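In the two assemblies presented below, subunit A is common to both, partnered first by subunit B and then by subunit C.
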Partner chain A sequence: MVAKPKKNNMLKRLSSPAILSIASTAGALIFTSLILWMAGAQPGLTFQKILIGAFGDSVKIANGLVVWAPLSLIAGALIITFIAGLWNLGIEGQIMLGAIFTTGAMRLFENSSISPTLIIILSCLVGMVGGAFWAALTGILRLYGGVNEIFAGVGLNFVATALSLWLIFGPWKRPGVGSMSGTEPFNERLWLVQIPGYRLSIWSLILVVVVYIGLFILLKKTRFGIQIKAIGKNLEAARLMGIQTRKLMMLAMLLCGALAGLAGALQVVGVYHRLIPSISSGYGFLAMLVAMLANNDFFLTLVVAYLFSILNIGGIQLPINLHLDSTLSGVLQAVLVLFFLVMNGLKQRLMGRKERSRDAE
Partner chain B sequence: MQSELLIGLAGVIASASPIVIAAIGETLTEKSGMLNLSVNGIILLSAMSGFIAAYDTGNLIAGYLAGMLTGALIGWVLAFCTITLNQSQVAVGLVLAFLCRDLSYFLGNDFMGFNAPVLHSTPLPFLSEIPILGSLFFDQTPMVYLSLLSIPVSLVWINRTKFGLILRSVGERPEAAFARGINVNKVRYLYTILGSALVGLAGPIYSLGLKPGWKGSMTGLDGIGWIVLAITIFGGWNPFRVALGAYLFELLRWLGLVYQIKLTGVPSQVLQVAPFPLMILTLMFVNMKNAEWFESFISLLPPPIYRFFSLKGKRRKAAPSSLGIPFRNV
Partner chain C sequence: MFSNKMKVVFALLMVTTLLLTACAKGTSEPAADAENGENFVFGLLMVGAYNDQGWSQAHYDAGLYVKEQIPGTEMVYIDKVNTADRPGTTPAQLAEELVAQGAKLIIFNSDDMKDGAHEFAVAHPEITVIHASGDGAWVEGNAYQNLPNLTNVMPRMEYGKEMAGCAAALTSTTGQIGYLGPLINEETRRLAASAYLGAKYCWENVAGKDPAALTFEVKWIGFWFNIPGVTSDPTQVADDFYNRGFDVVISGIDTTEALTEAKKYMDEGSTVYAIPYDFMGACDQASDVCLGVPYYNWGPSYVEYIQAAMDGTFAPSWDYLNPDWTDLNNVDTTALGFIKGDAFSEENGVKLDDFIAALAGGLNLWTGSLNLQDGTAFLADGEVATDYQVWYLPQLLEGMTGLSTPAE
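For the complex of A and B:
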């Protein structure tokens, strides 16, 4: 009788979030080391090169933040849909549409007499509309068309890719001949103000903070937040409770799309200053892993997004330094999430067995 | 002109063969109630591993086996995480899809541009001499024959055998199957591994035949897996319809290539990616039939037309009712 609660305590402590994340990280590092060893590389040296690649000098640290800002925005956007129980795989397309709409607006206003600041703000807003529009299509297909949102989203991603390629090689092509390097860059006065010497803009960082405060209030303190949580937990029960499930799920999609569109807009006005074929850089799918690993927790999402940005930046120089492909970062990121899921499952199994055996007594 | 068309169509049948096999594999998995979203990653990873195995041994069979083994391994990981560890099928499937894709690019990096053996066509005696049909179906590689054969075999397996009955019962009414003494989760494990092995066979069919060699992200296989998933679902989990979907997709791709020369107004980059959205949009509109509003809309039409479109009383497109839902026998 005395020993039992003690044992239970130990089990609880073993399955605390901190231990779990340490165990997942260790598992992921060991697995990645094995992969590196298979590829004939030295794991220690590789990890060291990744760290140097991410923190070697101030430009690299700033570049980490350049990735972090859009990644955080997109992961935050995805949390809304994840909480509502929607797997919004169309996020890539929503980012692209945000970028396309922003580019369109910039081209429209470029030679007008409106002040540059206003043009940038207007174009970003148009980008948000673009992202929301693409998300609305997924939402309509899911809620009124009977098409699962995973496949509607993936399908619309293909459409968005085709659309941006058509624009880059067709109507918006550079003078002369269109190329994979994208559309003609904008006039420098229409670039988002950057910290001198870096690609980083302070405005995108401020935007992340503002959006996260807004998201926190929206999801934790408002009726909307509680209702979409109810929908995500049990759609049928929420409907029976009198929640307007369709309207709210649609709203969740629209909000997510608008924020994804904003991230796409920032990539255009703040990083590339033009539309390029791979404007989303795969951040949409990466953000999906971020939100999964952070378990939809806002603060953790920001931390994980930073960790993933470091890995992305740190991996860039692997091909030059060690003749390894830079997709190693992607492997490490995905393995982390996989091990997190495995550890989570092991914990539930362990706790469940404990409970079941207690029930039997 | 006619022979040009014939060669083109024979090419469509050949290039659809990996999609047919992968989609039938995914159909078997989903029939048991498991959703395997990692198809895209498995195809890439098995294309890479199959290519390396064939390159190292100089043996094509080794390549195909390595691809299937890769697929089976990923299928086991998915089954273990979702059935044994009770994690979300969507989450694990997605993570595996991204993991396998990056892993294939990373591990295949050292083998880019190497030459491996390539599977050649072996015309079947007598059959290949039949006019038109002969050159369409019987002057192909053994893997194409396998893909053609897999359609009737899987149809009979699912609908006419005892094993198929068990498979369907596990996917439709797992509780009832459990009550009849069937080990539901064991069956799901088996079909997830089997289905993934078939998906894994699709990879080497590309890297040892249709698109020989491994060229990393330039191999052009990224995205095929999502088409396979879409074809499976919108094909209504019926191997015959699923195969038709695969042929339709490759037909679109072929038309894109043909018109690339004739339509100079449209950039070629657009024509290359156009079949993907076109296919998915087509499938979506076909699937619209399942929506409630469609049913209520066509009920306003004259009875013969209504009867033609209505799905009431027909169950041809219904998803396995426990698809994606875990089963726990306490």
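For the complex of A and C:
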């Protein structure tokens, strides 16, 4: 009987977020090391190269932030739908539509007398509309068509890919040439201003900060935030409580789509300066892993997004220095999430056992 | 609120750092990794895999050739430089990664890297830039940019494709020749058209067959190699050709699906052949269905550029290189070649040799009268196409089936 409180304390400690994070990170590193070792690579050197590739100089650090900005925006967007209990797998398509709408607006305004700054702002806003529009289609299919949002979203991702390819190889092709390198690059005056010597725009970082403050207020301090949380916890109960579930779920989708569209716009005005076939860079699915690993926590989302950005940028060193496929950094990202989920499951079991032992007392 | 989280974050980072540091102990840097003060490091960006048995491997092997020919050179490279395989990166950004490894000269190996090559050349005037297949350094070209550190190089593969077309026409019994094309641009149009011109010439003048009985169809997959969900699947496109009675497929893409599918059909009892592209060893994958391969030999030109960069004598140029007509397959002198495959008959081999000798002697298949696909006159009777006309061919030629421009 005397040992029980100690045991409960130990279980409590074991299930703390810190231990959970450390254990899942360590587990992922050990597991990935095993894969690397089996592939004939030196795990230590591989990880070292990833770190050097991400932090070796200021350009590399800035390149990491170039990835971090859209990834954070998209992960933040997904928090809204995750809290509302919606699995918005159509996020990739929403990023693409944001980029397509932005490119369309830029093409429309590029030869006008409007100032470049205004063109960029207008185009980004149009991009947000594009993302929201694509999310609305998923929302309508889910809420009014009875189609699960996962299937609707994935289906719309394919349509978005086809649409961007058609535009790049068709109506928006370069003069006489359809190219996988995308549409004709925009004039430099229409590029988001970059820090001299770097690919990073300070505006994309400011945008992330502003959006996260907005999201924090919206989800933590407003009635909307509380209500979509209630919907996410228990849809039926929320409905019985008189919450307009359809309207709010659609609103969550629209907000998520708008932010994803903004990320797509950033890819156009700040990174590639044109529309390319893989304009989303796969950040939509990556952001899902980020949001899952961070458990929808804003601060952790930003941190995990940065960790994943480091892996993305640092992973480039693998083919250069070690002749390894850089997708190994993707393996590390996926394994991190898997280990976290396993550890989370373990936590639930430990907590369950703790509660049972408390009941027995 | 953040204090506990900060603990988590710090703990996470600490564990990561400690593990990495611990793991890194006792490891050593690979030779090509270090910035070697004595060695001249050159960088190579390849659009496909370095061992793709096609375009990228031809460049990779040229890099190895340079290392062999010029002592004291080191190669650093990144392959699969395309937005599908390396999302979130740009060619210019990846070139900078190679510069960080000590590279003083960067080779961009794809027309699709044109923007990146130019952006990088402008931002890094101290680095020599070789762009394979572009036209940015061509004073008379449409995309000329006056950059002191940029050179374009492209072998006149039109000759290689004419040889491929001839080999196909001499072998085909159905008179149906398929061309497995990548994406549609000036380069791919002129290469497909060259294959057609070679096929037409040999079908009519060497085999003495009825011109009306020759079908030459081009199918574009959308890129230089298969990208699932983005391009058409080259395996399916090749299968479609063979299923419809085409007995020879000439590949214009960087990978060997036409060849491997021909092998599959041959094993099932069909008599079909393929002609791969780019890489001199491409036939090895299925030699019994391979009629031959027109290939690039970048090594000698890269040796020249890299030596010039090392000596400080580099000057920008646009180089449209001829094969060594005196010794077509001499790897030390030619810019392109054609290796006959095991499936190509000896009798036809002799005819092809005669055709190659005629090309070496001045036979120019880009001589009028030739019409564009829509019937517009391209070259008047007896008119010889200029480099400009060939390079920027606006459509396929009359007599070819397939799209001249991407569908809108």
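Structure notes:
Everything below uses one rule, namely that the second predicted complex is superposed on the first by the 354 of 361 C-alpha atoms of A that agree within 3 Å, B and C clash if a C-alpha of one lies under 4 Å from a C-alpha of the other, contacts with A are read in each partner's own complex, and residues count from 1 in each chain.
Rule of thumb we're sticking to: a contact is a pair of C-beta atoms (placed from the backbone, for glycine too) under 8 Å apart; a residue touches a chain by one contact, two chains touch by 3 or more.
These figures come from a predicted structure and were not determined experimentally.
When both complexes are overlaid on chain A, the residue A:V335 reaches subunit B alone and has no touch with subunit C. Within the superposed three-chain model, A:S179 lies in touch with subunit C and out of touch with subunit B [touch as defined at top]. Once the two complexes are laid over each other on the shared chain, residue contacts for A:N321 go to subunit C alone; subunit B is not touched. In the superposition on chain A, A:F299 contacts subunit C only, with no contact to subunit B. With both structures placed on the common chain, the touch criterion links A:I150 to subunit B but leaves subunit C unconnected.
Shared-chain residue A:S33: touches subunit C; no touch with subunit B. Of the two partner chains, both subunit B and subunit C are touched by A:F158.
Of the two partner chains placed around the shared chain by superposition, subunit B and subunit C are both touched by A:G170. When the shared chain is aligned, no partner comes close enough to touch A:F101: not subunit B, not subunit C. 158, 161, 165, 169-170, 178 are the residues of subunit A that lie in the contact sets of both subunit B and subunit C, per the superposition on chain A. On subunit C, the positions that touch subunit A within their shared complex are 2, 4-5, 7-9, 11-12, 15-16, 19-20, 22-27, 30, 33, 76-80, 82-84, 86-90, 93-94, 96-98, 100-101, 111-116, 183-186, 222-223, 229-230, 392, 394, 405-408. Interface residues of subunit B, counted against subunit A in their complex, comprise 37, 81, 84-87, 90-92, 94-96, 98-99, 101-103, 105-107, 109-110, 216, 223, 226, 229-230, 233-234, 266-267, 269-270, 273-274, 276-277, 280-281, 283-284, 287-288, 290-294.
By the touch rule above, subunit A contacts subunit B in their complex via residues 35, 38-40, 87, 89, 141, 144-148, 150-152, 154-156, 158-159, 161-162, 165-166, 169-170, 178, 285, 288-289, 292, 323-325, 327-328, 330-331, 333-335, 337-338, 341-342, 344-346, 348-349.
Across the interface of their complex, subunit C is touched by residues 17-18, 21-22, 25-26, 29, 33, 42-45, 47-48, 51, 53, 56-57, 59-60, 63, 66-67, 158, 161, 165, 169-171, 173, 176-182, 185, 199, 271-272, 274, 276-278, 280-283, 297, 299-300, 303, 312, 316-317, 319-322, 326 of subunit A.
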